[in-house]
Each structure stands twice: as structure tokens, then as C-alpha cells.
Amino acid sequence: MSDLTQQEALFTYTLRLADNALILGHRLSEWCGHGPFLEEDIGVINTALDLLGRCRMLYSYAGEVEGKGRDEDDLAFHRDEREFTNYLLMEQPKGDFAYTTIRQFYADVWNLHFYTELCNSKDETLAAIARKVVKECRYHFRHNAEWVKRLGDGTEESHQRMNDAIAEASRFVNEMFEMDEVDQVMVDAGVGVDLNVVKEKWIASVDQVFADATLQRPEPEYDRSGGRKGLHTEQLGFLLAEMQYVQRCHPGLQW
Amino acid sequence: MSDLTQQEALFTYTLRLADNALILGHRLSEWCGHGPFLEEDIGVINTALDLLGRCRMLYSYAGEVEGKGRDEDDLAFHRDEREFTNYLLMEQPKGDFAYTTIRQFYADVWNLHFYTELCNSKDETLAAIARKVVKECRYHFRHNAEWVKRLGDGTEESHQRMNDAIAEASRFVNEMFEMDEVDQVMVDAGVGVDLNVVKEKWIASVDQVFADATLQRPEPEYDRSGGRKGLHTEQLGFLLAEMQYVQRCHPGLQW
Amino acid sequence: MTPQDQVVDIDALEKEFQERIDAEKKIEPKDWMPEAYRRTLIRQISQHAHSEVVGQLPEGNWITRAPSLRRKAILLAKVQDEAGHGLYLYSAAETLGSSREQMIDDLHAGKAKYSSIFNYPTLSWADVPAIGWLVDGAAIVNQVALCRTSYGPYSRAMIRVCKEESFHARQGFEGMLALARGNEAQKKMCQDAINRYWWPALMMFGPSDAESPNSAQSMKWKIKRFSNDELRQKFVDQTVPQIEYLGMEVPDPDCKWNEERGHYDIGEMPWEEFFAVIKGHGPCNHERLQARQKAHDEGNWVREAALAYQKKQADKKQSVA
Amino acid sequence: MTPQDQVVDIDALEKEFQERIDAEKKIEPKDWMPEAYRRTLIRQISQHAHSEVVGQLPEGNWITRAPSLRRKAILLAKVQDEAGHGLYLYSAAETLGSSREQMIDDLHAGKAKYSSIFNYPTLSWADVPAIGWLVDGAAIVNQVALCRTSYGPYSRAMIRVCKEESFHARQGFEGMLALARGNEAQKKMCQDAINRYWWPALMMFGPSDAESPNSAQSMKWKIKRFSNDELRQKFVDQTVPQIEYLGMEVPDPDCKWNEERGHYDIGEMPWEEFFAVIKGHGPCNHERLQARQKAHDEGNWVREAALAYQKKQADKKQSVA
């Protein structure tokens, strides 16, 4: 028997999804105005906007579930590094465009399969959010799969950069499929998603796109993990310092 | 007649010196653990420590002059971008080791001549601080002048990098010799330093070292300025977000 | 055809061209047009496109630091719109025979200009709504006039741009209002942003009519439809009451309502600064071009890869066919 | 000299060598020493040097974010000391015929190890004083023993290092005390740092004696003077009361005073994690080596320039002479 109440589990479950969207969107938004060309500047912002919209819905719902009166901004700007629960992959620096592409693709595939499953959640709100989100996910997946192919099967340089990016990102992959108590409680309640299912589909989708892209998915030599327990890489602290600075300087105001 | 009281002028005068030391020291400290070799890691930290010590003396004194009970940490961590008065050169990103060397050298030469003059200040505290500081300045100047020569007259690559660094830094030079009302009030009171004197000596010292280093000091095509009015480059905001984050999250505590 | 014939032909064409313009008919890409008209338009449209692209940078500087998720979303969407404007303005310029690559190279080489306003740094959050309100506001005043410009593709681009810019300006004002109704720190931030962006915004309309040499021909061609000073006055007249509504001060002691003229008078503009910024000596000229150049250079391999892939795909299709 | 003579000679030398060691006399660089002794020492000293250098990174991570100027100065000075320790440990290893360049290459190639503790990330300010107190504290327990190690230069380096490390440990404890006496957020930060650094600090003493194969020879050579478990016990015994003094909890429910043994008992250590980190699979192994490699690579041109300049200067002197 778990000590977690269903309410606590639902709060944490929703918060984690929100954190992933916020932090990934933040890293993506760092490209804004600095992309390789104008169309992709727009494309990147588009995805960043979707992620931002997603985290706002999820934070609002998490705050509601928690019932302590915290709103989206309280949850985004007034929690510290040890309280953030995003996967480590999301917080890594944007790197070059190859790294951004691979990271985003990995996340897109995860999101696509995860939110597809979540559409069946017994939690009406999560299911409704998932139904909205899954449409974006399909678009993001298609958009980024094209980029993976272009860069993987483009020039020698782009192929090499993609391989380097894959090598750099792969140790963060398996964390995305770890099931813990929160997941289990949510799965048992018919609210959450079995990440083993997501993993199988993730591997199949990635391998399919990688085949077209002349890329290989490595089995990582070892895995990094801990994001869900707030055990982050040293990157997150700097991200939060920047992201939260204005709010922290002027707490409790309307903007 | 100036509207500035002597006390206000002295506060601002001291604060500016402190801000320069803090921000330059901050940029230098970013090298800590990442320098080109161990001896210079130690060398860089050494200068950063001197600058930090210097800003602490100056902030404490500024707080005392102001008389509103602000201590060194209030002044360092609880003022925003528009209130910081450092020269723009100090806040520029550290760049490569050539840029760091040139920036530091420019600042060292300024500091050497400025604090030499300030030893004669009629303000006892400033004069005492200056007498302590000027010893460090002599050491920093010698240390960095050697680096300017090594890199300027080293390899083709190092020479090129030094030239690039000089080109990049030169538009921030003349700001360091601008005299405004505060300077004038302080000079008139026998407290402050005539920056025209510092400028002459600065040019002579830089030209001498540059001659040995096979480098040329360009007359900048145009000058950037505004730091003293809090009109900074966009770099400072990010620096402050990082530097002040913990204090801003937890204001008013002992550490 | 002898040179004499050519001259005659061109005179006729120019006459016909001017008649179309006088009749408020649009010139379209395939229509004949004088070379100077084409060149002037390419310069003006590409300059406008560059302004949108470089204009992403000052506001973009605050995306990662926006103080609330809502403001972050508004800001991101706005910067995205700017990129979009850049895109269709480049396309409009391309209909005149210029290439985007060439225009971008000219920008990076310092040959092409962009709006000087983007050479000012954004130093606090308040600069973001201030830019939305003042800079987009000033742009609209310019661009509303350009919606009726004689060149079809430009005119249509402007209509679309204007709609979005109005939205930005309203959002900017709403953001300023939130600050103006906030605490002391927010009010101070708000006033400070107005102080710093007021004159640069007024200078967006260009030099005073007396010093604006190219205007007459542009007016005749209906590339330009109002004089710099007329547009500036329009902007001042609409903006001063807004500043008052915010409870903020116009940073110009000489700015007052002139009953007789039915307009606000303003003080002497800091022209020296204006020309310095134009010449590339503004606070951020160096940084803005550096940022764009860096993005472009670091994007080289990406663009090359995309082209290589496209070619491979095309080759594959061909070999199948 | 026949091979037979050599064997006899080496036997004699080894005997004499061991007698010197047994008599607590120091071995100096020019003394004869067994090749295995030399290799073991080079490995141990360079590993120690690397630990100081890599050890700059986790704490260095907070220099730009230290919460007060005083703490920033203490931290900077501490990290500087670590660089200094690295420097004289590399020098001590060089007296054994190794070169700093070779040692650094081995580090970057993953051939040489450094203390696993530096493969944990610093996630809050509290980690800084926690490292000073726990990590330097554990290091001292190790190093105090090494002050009497048989190799002269290493012993003398250790004496100097120990003095500075004690100072760091005291400052670290004082930093923890400030947090422990602070507000709720600070207390939480303090406990969290203890929770995360407790086991890694205990694991700094290496595997348990049963699993420590090289120890016997090292003990005989007096390179090592106490067993891993003895040293670990010493650290636990001195640290648990300090944790209690802070009003914090030892993150080990099995940790209690054993009246009979006169020592604290501890629970089962997370050895699996320990060996994973040793194998390079700790949280930050990748990042630490990457950071060092990057610093080294980006410093190439600087080191080259310094050498070129030095050579030019020497040539000048020569041509004058």
C-alpha cells in the first residue's frame, strides 16, 4: 500500500508534466532571434509557445489539485532547484542546432506517445488537456522528424554533429521511462500512463526516423536520472536564476 | 554651483569604485577552475580576490557615508541594473583569454594610476583604502603586462586574438575618463581624482607595454558610455540575475 | 532598336507608370517600373524587413526573464510575429528581383540599414511593454500610411503587418498599465522606460522634413504618403494622452498642448544622437549586427544540410521515375 | 654485470629500502626505490592532484552565486587553495619522474582517477559549506595519516595541505552553522546537503578493508598507514557529534553509538553507487572531465604563446650576449 494519497500523486504527476514543458520550452526559447534562418526561428518559437501554453494549463490544474491557492506563476517562479521535477534532458543547455534538434525530437516522441495514452485518463481535466496537447505533439513530431532526417542525411558535417548530439543526449533517455510510486498510483487509478508502453513506442518511432536519417540509436553506457526527485544537473540552477530573477526581486506583484 | 551635497557625491564616488571592483571581479572569477593552466587559475583567482576585498571595503564605506544603514551585501545584492554604476567594460562577458587579458590590463592600468592619485585624497578613509589597494594594483599591472607581452608577441594566433580583443574592447575605453558632476565636486573638495591626469598616464603605460607586445592601441571609431548613469549593456542584467539570485530568493538573512 | 527608340519608349512607360500611380492603381511585380522606383522600394522594404529581424533581439532579450508565464507567452508570440513580418517583407522585396541572401549579406556588411530604435538596449522588464506600445505604435503610424503605398505586394504586406502591430501596441500599453498600477518599483521602471524610449521613438519618423532629401520623389511615387514631421506629430498627438492616462510624465518639459495648432508642441529633438545611431554608433549597433551575423554563421551548416538533403530527395525521386 | 649480479643488487637495495622505511626514515627523490613503489606513489599522488583540480569545479559552480560577499571571498580563497594543492602535488609526483602533461593527459583520457566525491553536483548554496566541512574533513582524516607517509616530498606536501584543509573544514562547519541557525529554508538546505553528501563522504575512504586488495603492500611501504575502515570510523566518530551540534540529522537510521566498541555503528553503505561512480557513471563524471578537457583545449593557444614568447626572449638574450 502506498502512503501517497491520490490527491498528492495527482498533484505531483501534473506538476512533473508542467515542469517538463516549462523547462524544455525555456531552452527552446533561447533560440529566439538566433536561429539558423527565419522560417526556423518561427518554427522554434512555435513549439516553445505550445510548450508554454501546455505548462500553464498543467500548472493551473496542479495548483487547483493541491488546493493551497498556488497559481501558475507561484509554481513556475517560486520553487527552487530541488523542487523542480523535470527530466534532466530538458534542462541541458541548448547546444548547437543538432543538439537542440535531437533533444526536441526525443521529447516530441515521448510527448506524442505519452499524451496519446493520457487521452484515456480517467481524470477528466488531464484527458482534456491531453486531447488538446496531442494535436500539437503530432505536429511537433512531424516537424522535428523532418529535421532529424535533413541533418542526419544532409552533409557530412551535419551527420557528424547529429551523431555527437545523440552521444551527448543518450544518457538522459532512460530517465524518461522510469516508473516510480507516483506513476504507479496514477496508473492503478486509471489516471496515469504506463511508461513501459510509452518506451516501446518511443523506441519504435525513433528507430524508424533514425533509419531514414541514416542515424543509429545507441544503448547508453549508463543512465543519468534524478530529475523527478529534484536531483538535477548543475545546469538547472543557472536557468532558474535567470528565469525567476524578476519575480524573486519583486514577489507577489501583478505584471 | 552644484546641487550635489558633498556627502551625496562622496557616496556615489565610492559606490562607483566599488561597483567596478565587484563586477570586474565577478567576470574574472568566472575563469575559476577553467583557466588555461593551473598557475594562471591561481593568478586569476588572486586578482579576483583582491577586487572582491576592495569592493567590500568600498561598499562598507559607501554605506557608512550614506548613513542609511546599508551594508556591503545590501549594496551588492539588492540594487538593480539601473542602479549599478560600473563602467561598461567591466560587465562585458569574459570572452577568450585574450579578451580577459586585455580588459584586465586596461582596468589594471586605470586602477594603478587612479589609486596612486587617490592616495592623496583629503578623505582619510579613501586615502587609506587607496594606499592598500595601490600595492595590489602594482602587482596586477606587472602580472598582466607580462601576459599582454606574452600573448601579443607569442604566436601568430595569440597575436591575432589580442588584436581582436583590442578591437572589441576599445569602444569602452574612453568612458573610463569621463568627468561628471560627481567627479568635479570630489576633485574640487580635494577628495577625488582628476581623470584627465589618469588618462594621460593610462595612455603612456598602455602604449609602452603595447610597444613591447607588438600591439597597437587604436583610437576607437566611437565610444560607448553610460555605465555611471546605470545605462548598461544588456550583459549586466544576466550577470546580476546570477549573482543576486540566492540573496533575492532569501532576503535579509545571515549566511 | 536604336538608343533613340529606347529613350522614347522609357519616357512613354514612365508617363504611363506615373498615371497609374496618380490614379491610385497598384504597381504589380510584372509591371514595368522605373529602375529608381525599384531600387528605392528594395531599399525601403529590405530595410523594413531587417528592422523586423533585428527587432527580435531587444525584446527577445527578456524572453527567458519575463516576470509571469502570461507575459512570457505574449512576448514570445510577439517576437514570432516580428519574424513573420520579416519573412513576408523579404518576400515582397524579392518580387522586385532582390534575393534574401543578398539582402542579408548587405545587412551584415553594414550596407543596409534597419530602424535605429533597435540599437537601444532593453534594461528592464518595462522596456518590453514600452517597445510594444511606443515602438510598434510609431511603426503603425508609419505603416498605416504605407498600406496605401503604390507597390501592390508591399501594400498588402503592410495591411497584414499593421493588423498585428496594432495588437502588439495594445498589449504593450496594457503591460505598461499593469506597471503603472503596480508598486513603486514598477512605476519607477515604467517611467524609466518611457524616459529612455520617448525620443528614440519620435526619431523613428526620420529627420525633419527640411533635412529629408529623398522625400519628394517618394511622395510622387506614393511610396511615401506623408512627411516625416506630419507622421511624428500624429504619433505625439496620440501618445501624450496615453502617457497621461498611465499617470506617467512625458520626458520633455517643452511638450504641451498648442490650442492654436490643435497639436502638441515638442522640444528640440536630440538629433546628434540620432545621426550617431544611424552612423552605427548607437549603444547596441555593434551587438545587434554581431548577434545576427553569429546566428547566420552558426546556421551555415544547417542551411547547407537542408539543401543537400533536398537535393538527395529530388535525385531519389528522379531515379525512381 | 651479469643478470645474477643485478638480482642480488636489487634484493639488497630492496632490503635496505624497507629498513629505511621501517626505521621511519623518509625516502627522497634521488634515493633508490622499487619500481612498484614509484608507480604506486605516482598513481596515488597524481590521483590526489587531479582530485584537487577537479575538486575546484563543484564548489566553483557557486562562486558567481554566493549569497554574501564574505562567503564569496571565503569560497574563492578556498578554491584557490585547491588549485595550489594541485600544483604542489603535481610537483611531488614529478619528483618521481612523471610529467604534469602526461598526468593531465591520463586524467582527460579517463586513465587516471580522481576522488569520486567530485562527481556529485552542487545543487544549493548549502553544498558549498557541506563540502568544506564533510569532504575536506574526510580528506584531512586521510591526509593526517599521510603526513607521516614514507616518501619525503609527498609527506611534506601533505603537511602543508592538511593545514589548509583544516582551515577549510572549520570554515565549512561555520557556514553550515549559519544555515542551521537560519530560517526554515536555510535549515532545510543544510539538512538536504548533509543527506546528499553523507554517504559519498564516507565512501571517500575507499572500499571496505575486505575488498581493498592493494592495501597490504601500501601499508608495508608506509604509503598508507591506516586501513580504509579505520579511517572511515575515525571520520564518523568525529562528524556525528558535529551533525548533532548543528541540530541536524544523520541520514542513516542505523547510525548509533556503540558503547561496547566505543565507536558509532553505521548502516550498510550504498556500494553499488560507489562502484558506479568509480567506473565513471556518477552524476557528474561526464561533465567534470568535459569541463577540464575544455579548459585545457581552450588553453592550448595560451600555453603555446607563453612558450613561444619565452623562447623569443631567450633567443634575444643570447643574441645580445
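Each chain carries a letter (A, B, C and D) given by its place in the written order, and its residues are counted from 1.
One rule holds for everything that comes next: a contact is a pair of C-beta atoms (placed from the backbone, for glycine too) under 8 Å apart; a residue touches a chain by one contact, two chains touch by 3 or more.
Each chain and its UniProt protein: A, B = Ring-1,2-phenylacetyl-CoA epoxidase subunit PaaC; C, D = Ring-1,2-phenylacetyl-CoA epoxidase subunit PaaA.
Note that the structure is predicted; figures quoted are calculated from it, not measured.
K.L.:
Please state, in steps, how far subunit C lies from subunit B along the shortest route of touching chains.
P.N.:
Graph distance in the chain contact network comes out at 1.
K.L.:
Does B-D or A-D have the larger number of C-beta pairs in contact?
P.N.:
Looking at B-D and A-D side by side, B-D shows more C-beta contacts.
K.L.:
Relative to subunit A, which chain has the most distant C-alpha mean position?
P.N.:
So the chain farthest away from subunit A turns out to be B.
K.L.:
Calculate how many whole Å lie between the centre of subunit C and the centre of subunit D, each centre taken as the average of the chain's C-alpha atoms.
P.N.:
Distance between chain centres, rounded to whole Å: 60 Å.
K.L.:
Could you grab the centroid distance between subunit A and subunit B? Build each centroid from C-alpha atoms only and quote it in angstrom.
P.N.:
42
K.L.:
Roughly how far is subunit A from subunit D, going centre to centre by Cα mean, in whole Å?
P.N.:
38
K.L.:
Which subunit A residues touch at least two other chains?
P.N.:
Subunit A, residues with two or more chain partners: 80, 241-242, 245.
K.L.:
For subunit C, give me the residues that contact two or more of the other chains.
P.N.:
65
K.L.:
Classify the inter-chain contact topology: is it line, ring, star, complete, or other?
P.N.:
other
K.L.:
Can you name every chain pair that touches?
P.N.:
Pairs satisfying the touch definition: A-B, A-C, A-D, B-C, B-D.
K.L.:
Going by the contact rule set out above, which residues of subunit C touch subunit A in the complex?
P.N.:
Subunit C reaches subunit A through residues 53, 56-57, 60, 63-73, 76-77, 79-80, 83-84, 86-87, 90, 125, 175, 178-179, 181-183, 185-186, 291, 294-295, 298-306, 308-310, 312.
K.L.:
Of all residues in subunit D, which touch subunit A in the complex?
P.N.:
It comes out as residues 61, 65, 121-124, 192, 196, 276, 279-281, 283-284, 286-287.
K.L.:
Write out the stretch or stretches of subunit A touching subunit C in their complex.
P.N.:
Going through subunit A, the ones touching subunit C are 22, 26, 29-30, 32-42, 45-46, 48-49, 52-53, 55-56, 59, 72-73, 76-77, 96-97, 149-151, 153-155, 157-158, 161, 242-243, 245-247, 250, 253-255.
K.L.:
Under the definition above, what is the set of subunit A residues touching subunit D in their complex?
P.N.:
Checking each residue of subunit A against subunit D gives 80-82, 171, 221-222, 224, 226, 230-234, 237, 241.
K.L.:
Write out the stretch or stretches of subunit A touching subunit B in their complex.
P.N.:
So the residues of subunit A touching subunit B come out as 80, 238, 240-242, 244-245, 248-249.
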